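By letter and in written order, the chains are A, B, C and D; residue numbering begins at 1 in each of them.
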Amino acid sequence: MTKIFSTDRALRFGDCDISGTAYFPAYVNILNGVNEEFWTHIGFPWHDIIWNERWGTPTVHLSCDFSKPSMFGETLTFDLGVIRLGRSSVTLRHQISCEGQQRWTSTQVLAASDLDKHSSIPWPDAVRDTLQGWVTPQEELGF
Amino acid sequence: MTKIFSTDRALRFGDCDISGTAYFPAYVNILNGVNEEFWTHIGFPWHDIIWNERWGTPTVHLSCDFSKPSMFGETLTFDLGVIRLGRSSVTLRHQISCEGQQRWTSTQVLAASDLDKHSSIPWPDAVRDTLQGWVTPQEELGF
Amino acid sequence: MTKIFSTDRALRFGDCDISGTAYFPAYVNILNGVNEEFWTHIGFPWHDIIWNERWGTPTVHLSCDFSKPSMFGETLTFDLGVIRLGRSSVTLRHQISCEGQQRWTSTQVLAASDLDKHSSIPWPDAVRDTLQGWVTPQEELGF
Amino acid sequence: MTKIFSTDRALRFGDCDISGTAYFPAYVNILNGVNEEFWTHIGFPWHDIIWNERWGTPTVHLSCDFSKPSMFGETLTFDLGVIRLGRSSVTLRHQISCEGQQRWTSTQVLAASDLDKHSSIPWPDAVRDTLQGWVTPQEELGF
């Protein structure tokens, strides 16, 4: 079964540069907020795990292909799939589109990490089990 | 000859997240400022080409590997090499380190683009000639 | 009649600093997005007036009092009132609270401005008439 | 004696919005970096006091008057004066100018704060003594 998490974001004035299109560091800030929303959706809000359990999910790899510009004022759809799960990492695949037209894609690897020691940890069992239920091969995602 | 452009950046309070390490969208914002400094260094400041010639160098691909965290208060060295030059694109390779320890690397592709039409253009001759003088194979860069 | 525009914002990971509370420049970035939402609500989306009519509403004055910190993960309510309308300016009053507890307030003056000449212009008639319908004395707002 | 701390900042691509002038939340992010540089200059780098002593200087009040726009590519001079010192607060006055032309001014109040309890603390003696040496009445600053 293909599982995709989808959410929309308006491209705001503050996200755009002098060209009137998205400034790419603003794009990855938005992407991080989408990730945060995904983790809340699956039952592990970052503010809970950070405040109460002292671990987080820093990004260890990020790859983005910006194929078409997005203009200030457009509403973008962010689709997120989980394409691989490791002992302490997870690989996400993102597609960002506007009215069906793909604008950019991204592959991102997050690692479970102890916030105080800044070292990786295995996923807690409940997190691994939940993420496992989301794993979809990239070829099934279609992006 | 290996040509590397180097510049330093303090990792400031506003660049760091709750973990006390760099927030990765802040990292790519800093990286963009380093690029801007490089273009000024080679004689084509972005503010000149954007204001006076109406073209720019949007990022069409970005890949980052964050291997070690950087802590608030550290001073980072950004090394930039030009590893490939196309008709209207250029591939940059970045290494970010602190006191000789590599923290992250990035490969970035910029495309010359008409700011009003949002479409790619060939490099102006003077720009291509200058960038050509910077091209160094990635294996010579050492990162 | 007291007219207040209200909207909620989650305080996200990327908005917070090493203390786990909102970084104040992130706060004013959020505030700007709330303003943008207000202008869409009253029928003059910034992307329309900027793209199609070449004018905007830059901030000429901003005053903020941060009385209590807000923590990563909280959902904040932004209340916005229009307390004064001039020939080419408007004064907004903001209250930001969480579950009824006031966290910060702000007074902000926007000026209608020609985007190309960077000079102020009188409000277009339809905009002035609409804003006039929102004017509420600050003492009636209660913040 | 009038004591003013001065430092320059280039207005970068990433600091500017669609109008080609500074985005005001980016302005206050830059201002925060200037503050950070000032605290390092006077011997109390934020990264030292935050990492080692667990206190910080959150902003409790900020007031800004943006009188003239600044354009992408300009280099701005930030002048900072200390105009008032309280038991646990300090009031800073900022002037931002370009080639002698004032662009904006700001009054900012910082409060010494325990990072873990999020409550104000009196200035440590060495900090208060140092700040005291910087106090200059606003009328002497000239901005």
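Quick note on the criterion: contacts are C-beta pairs under 8 Å (C-beta built on N, C-alpha and C of every residue); 3 or more make two chains touch, one makes a residue touch a chain.
The shown structure was predicted, so the numbers you read here are calculated from the model rather than taken from an experiment.
The angle of the rotation carrying chain A onto chain D, fitted on C-alpha atoms and rounded to the nearest 5, is 180°.
Taking B-C and A-B together, the chain pair joined by more C-beta contacts is A-B. Chain centres computed from CA atoms place A at the largest separation from chain D. Measuring from the averaged C-alpha position of chain B to that of chain C gives a distance of 35 Å. Mean C-alpha position of chain A lies 29 Å from that of chain C. Between the CA-based centres of chain A and chain B the separation comes to 23 Å, rounded to the whole angstrom. Shared contact sites, meaning residues of chain A that touch two or more other chains, fall at 13-14, 18-20, 23, 25, 29, 32, 50, 72.
Against chain D, the residues of chain C that register as touching in their complex are 18-19, 21, 23-26, 28-29, 31-32, 50, 56, 58-67, 69, 115, 118. On the chain A side of its complex with chain D, the touching residues are 13-14, 16-20, 23, 25, 72. Here chain A touches chain C in the complex through residues 12-14, 20, 29, 32-33, 36, 45-48, 50-51, 71-73, going by the rule given at the top.
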